[in-house]
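One structure is given here, and the rest of the page talks about it.
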C-alpha cells in the first residue's frame, strides 16, 4: 500500500473512460458486461471475501434490483432508470430480514440457506403473476437504441461506486470488524464485536451494489423474467469471479470478473467455431483447476499481501 | 378422501426414492462435512450409464444399477482422493472453497455428458413403467413400489454397515473427531475417499430407481441436489434413519403442497422446511427420533 | 524405546518447540511436565504425526517416525490418549472401545482386551450402551484410557489425564496409570499436575516455553528448588 | 494513506463526471459506421445464426440449425446477385445475456445482413430488441412470446413462429361444434410455468369463459416436477369433463403416463401443441398417448407444398429429408427453422429480381412484403390486432389444427376438410383400453 498504489487505478480509470468510444459496438457490449460483473463481484466480495459469509444466493439481490426497476415500469409506467434507486432499495429491504435469519447459521449451512432463500424468491416471482408478471417477464423500451456509450458510462460509474464503497468501508473500523468476524467469529464476539450486526453492515452495501447492477441489467437488456435474473448460475458466476481474482482482496474480484467474462466470451465466440460444442466444457475444466490450484485467486496467491490484515490473523502458539 | 389417500401414497412412494438419493448425501455431508453440490449431477451420470446399458444391451435399470453403482463408486473415490480432499485443508480465505469445487466439478460432468449424449431428453419407458395396483379409487404405481422396496433395502444395508462393522464405525468416528480417529489408526483419506465413493454409489442407485419413472437430460441434477440437501438437513446429517424419515416427510410435504396449496409453490414448502429446521432444530429429525 | 532427537516444530511461521530431545525406555513412566502453553501437547502431536518437525527426528523401536502418516502410529504400537478426551461422542461406550482395536493384532485380542478394560473400569461395563457424549468427566477419562488399552499398545501417550477431574478421582487415575504400567505398557505422560506426576513417574522432563529446562528422576525433581517455586507453590 | 484516498476520490469524480457528461457528446466521438451509400457490396451475403447449440436447450436450437441447413441444400441457392451466401454461426447457450453478446457480434463484427435465431422466449425478446436497436433484420424461429412482435419493432419479423396466445386458434371451432354438444362443460386447465404456458393459458382461459365453460381447476405447475401425480389427483378430484394441458415435451409424457396410472377419466384430453405434438412424446408416453387430442402447428402430413427458387417442395419431403439426413424425427421447431430459411431466401431472391442491392434495409423492406407458402403453411407478414387487444407488427399467422394420437400415430382430425382420420370423442375410459 505504498504511493504507487493510486497510479495503476488512475491509469485503468483513464483507459476505461477514454478507450470505449473508439471500439465497435460488440466490444462496447462486452465491456458493459465486464463492468457489470466487476460491480457485482466487488459487492459480493464485501460480504463473502472480507466478512467471510460466502453466499450462494446473491442472485436474489440481482433479481430484486432488476425487478425493483422493472416493476416501476410494469405497475406505474415510471421510467426504469428510477430503478437505480428503487432496485437497490428493494434489494436492501428484502436483504435485511434475510440476513437476520440466515446469519444465525455458519459456514456451509449459511451457503445453503442463502441458496434456499434465493430459490424461494425465484419461485415467488414466478408464481405471483399480479406482482411481477410471473414468467411473462417485463419488457421495457430502451432509452438509447444503437448507442452503447451512455450505458457503458453508467455501468462504469456503478463499478467505480462499488469499488469506492468497498474501499472506504474496508479503510474504516468496519473493515477491521469484518475481517475479524471472518477470521474467528467466536473470538470476535469475545472481543465484543456483535457479529450479526456487523454482518448486516456488510450485507446491506453488498445487496445494494448487486441490486444496482440488477437495475442496470433491466435497463440495458430491456427484458427480465425470474429464470434469467434469479438462477443459481448468476450467484455462482459472482463467486467464481471472486475466486478467480482473489477473495478478500481489493482488486481481485474486479480482475476476476474481467477475466471471467472475457474468457467465457473468448471461448464461446472465437474458439467456439474451432473447437465446437466443447467450449463450455473447457471453461468448466478451467474453473475446476483454478479452484484446486489457486484457491485464493490470482491476486490472493500472486502477491504477499495475502490478507489485508495479516497481523490480525490468529496465530497458535505453544500448546493449544 | 380418495384425494387425500392418493396424495399420501404419492408422497410416500416418492419419498422412498428421495431417501436413497439423500442417503448418499447424508453420508457425505454428515460424515465428511462436505457439501456436495455436484451430487445430483453425479446421479445424472449414473442415470446415463443405466440408459446406455438399456439402449445397447436392453438391461432394465434395476439390473443396470449394479453396473452404475461401481462406476460411480470409482468416480467418487477418485474425485475425493485427488480433487476435493486436496482443497479441504488448504489455507484459504473462503472456507467454502470445497462447496464451489463440487459445483464446478458438477458443471464439468454435465458438459461431458452433453458432449457424449447431447441435450436430448431420454427416457427408459417400458410398459411395466405404468403398471399400477388399485385400491378402490387410489392407484399405487408398481415400479415406484418396487423402487421403494429397493430403497428400504439400501437404507437397511447402510445402517448395518455403519453400526455393525469396523469400516462403518471408522466412517462415523472420522466424522465425529478426525484427530482421534487418526490416533486410532484410521487412514482418514482412505476412509473419506471410500465414503465419498459409497455416497456416490448410493446416488447412482437412486438415479437408477428414478429412471423408469422419470426422464433424463444432462441438466437434471440441480433439483435433486437441492432435494437431497433439504432431506439431509431435515433428517439430521449423518443419520440413515434420519435420511429415511426426512425423505418420507419431504415427499409427503411436496405432495400435500402440490394438492392443497399450488403445484407451482410446491418447492417453496421444501425450502421453508429447510430453513426452519436449520434454525430451530439443527440436529434434524434424528434428534426427535432418538428421544 | 522412543527417542526424540533435537526437534524444532512450527505452527505456520511461529516456532513452538526448540530443540527438544528426550527418551522413553521400555517399562518406564516418563512424565513431560510444564505449565499451560509450554508445548507439551505439541510434542505429543508431533510424535503422533499430526505435526511435522522442521528439524530433528523421532525414533520408535529403531524406526523413523517423522516420515510416517499419523494413522500408521497405531499399527506400530503407539496409543495416544488425547487431551480433552476426544471420544466419539455419538457412538456408544462399547463402540468407542471397539474403535480402539482396529489394528489386526489388537483386533485378534478384542474380546480379551474388552474384559480387561471392564475389570479395570467396572463402571464402563454398566454404561456399555450409553452414548459416550453423555458420560461424566471421570467416566469419559476412563473410557479414553480404556480405548487406549484396547489397542494393546507398547507405548501409551497420555495427555493430561487428570485435567478437570475431582481430587479423589485424580488419585484413582494415577493408580490406574501405575497399574497399566505394571501390566507391561510403557507410558509417556503429559501433566500439569506436577506433584502427582512426579510421584508416579520414573523420570521426568520439564518444558518451559517450548524448551526442555530440567530433567531427571521423578523423586529427585520433586525436591528441586525451581520446581518447588514454579509448580508446587512451596 | 491520505494521498491514496485523494487519488481515489479524484478518480471517482472524473469517472462520475465522465459518466454523465460523455453520453451527451458521444455521437460525435463515435465514428459513424455506415458506409457510403453508392458503394455496391461485393462480399458474401452474411446470414447470422443465433441459436442455443450447447447448453440445456441445445436439442431444439440444433434442430433449427439443421433444418435451416437442410432447406439451404434443398433449394440449392448458393449465391444471390453474384454474391455467395455465407452462414455465420453463434451459439448463445440459451442465456439471454449471451444471446445479446452473440447478436452484437453478428451485427457489428461479422456485419451480418440478416439474422435467424430465437429459441427460448427470453433469448428471442433480447435478440429482437437488439435487432431493432442495431437495425438488422431478424427472423424469429421459435420464441413464442407474444410481446416480441407487440413492441412495434420494425426490424423484427415473426416468420413462421406463432404467438403463444394463438397456439390453439383452430381448436375453438372444434370445441363449439363437437366437444360442447358432446357434453363438455367443465374444464381443468393446467400449464407449465413459462412465458409460453402462461400466455397460452391467458388466451385459453378467456376463450373458455367466453363460451360459458367452467374452469374447475386452473393452476400453473413447475415443469421440472418429478411427480405430477399429486396435481393430477387434484385435477381428478375436481371432476372435469375435459383437460386442457399446456406442457412441454417431458412433462407432457409424464402427465400422459401418470394420468393413465391414476385412471383420470375425462371426455377428452386436449394438449396445447408443445410436448403433445412431438415425436418423442409417443416414445416416452407409450400407449398412454392414445386418444390424446392436441392442437398442432405442424405435423408431417400437413398438405403444404409449393415452389421456391424453381424447386418444388412438399411438407412431407422436409420430414423425410430430416429423418433421412439426421436419423431423427423433426417437430414443429424444425419445420419453423426450415420455413424461416424459405422466407429469408424468398426475400433475397425478390430483392435481386427487383434489381436492388442486397443490404439490411432492402432485406427489411422485402420481408415486410413476404407472402409465401412454407412448411408451416402460408406466411404473410402483416400488422394486425386480435380480440385480446394484442397488436402485432410483422406477424404472420400459420394455420393451426387439431390432431389426435391414434394407435401411436398422430392423425389430423380437425378441420375435417384436411383430415387424415376421424376424431374419436368421447375417448374410452382408461380401464377399457
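A, B, C and D are the chain letters, set down in written order, and residue numbers restart from 1 in every chain.
The rule we apply is simple: a residue touches a chain if its C-beta (ideal position, glycine included) is under 8 Å from a C-beta of that chain, and two chains touch if they have at least 3 such contacts.
Everything quoted here is computed from the prediction, not taken from an experiment.
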(request) Taking CA centroids for every chain, report which one is farthest away from chain C. (result) D
(request) Could you tell me which pair, B-C or A-D, is linked by more C-beta pairs in contact? (result) A-D
(message) What's the distance between the Cα centroids of chain C and chain D, rounded to whole Å?
(response) 74
(message) I'd like the Å distance between the centres of chain A and chain D, where a centre is the mean of that chain's Cα atoms.
(response) 34
(message) Between chain B and chain C, what distance separates the C-alpha centroids? Give it in angstrom.
(response) 42
(request) Would you mind pulling out the distance in Å between where the CA atoms of chain B average out and where those of chain D do? (result) 37
(message) If I count partner chains per residue in chain B, which residues reach a count of at least 2?
(response) 114, 262, 264, 267
(message) Where in chain A do residues touch two or more of the other chains?
(response) 123, 126-127, 277, 280
(request) Would you please write down the residue numbers of chain C that are in contact with two or more other chains? (result) none
(message) Per the contact definition, I'd like the list of chain D residues that touch chain B in the complex.
(response) 54-59, 62, 190, 193, 219-222, 224-231, 233-234, 236-237, 249-250, 253-254, 257, 260-263, 280, 283-288
(request) Going by the contact rule at the top, pick out the chain A residues touching chain D in the complex. (result) 1, 3, 5-6, 9-10, 13, 16-17, 21-22, 24-26, 29-30, 33, 123, 126-127, 129, 134-137, 139, 141-142, 144-147, 149-150, 153-154, 156-157, 160-161, 164, 167, 171, 221-223, 225, 227-228, 233, 265, 268-269, 272-273, 277, 279-280
(request) Quick one: which bits of chain B touch chain A in the complex? Just the residue numbers, please. (result) 33, 35, 83, 86-87, 90, 92-97, 99-101, 103-105, 107-108, 110-112, 114-115, 222, 226, 229-230, 233, 262, 264-265, 267-268, 271-272, 274-275, 278-279
(message) Could you list, by residue number, the parts of chain A that touch chain B in their complex?
(response) 48-49, 52, 54, 56, 101-102, 104-105, 107-109, 111-113, 115-117, 119-120, 123-124, 126-127, 182, 232, 236, 239-240, 243, 247-248, 277-278, 280-281, 284-285, 287-288, 291-292, 295-296, 300, 307
(request) Over in the complex, which chain D residues touch chain A? Could you list them? (result) 1, 3-5, 7-9, 11-12, 14-16, 18-20, 22-23, 26-27, 29-31, 33, 53-55, 58, 89-91, 93, 95-98, 100-102, 104-105, 107-109, 121-122, 125-126, 129, 132-135, 145, 147, 151, 193-195, 197-199, 220, 222
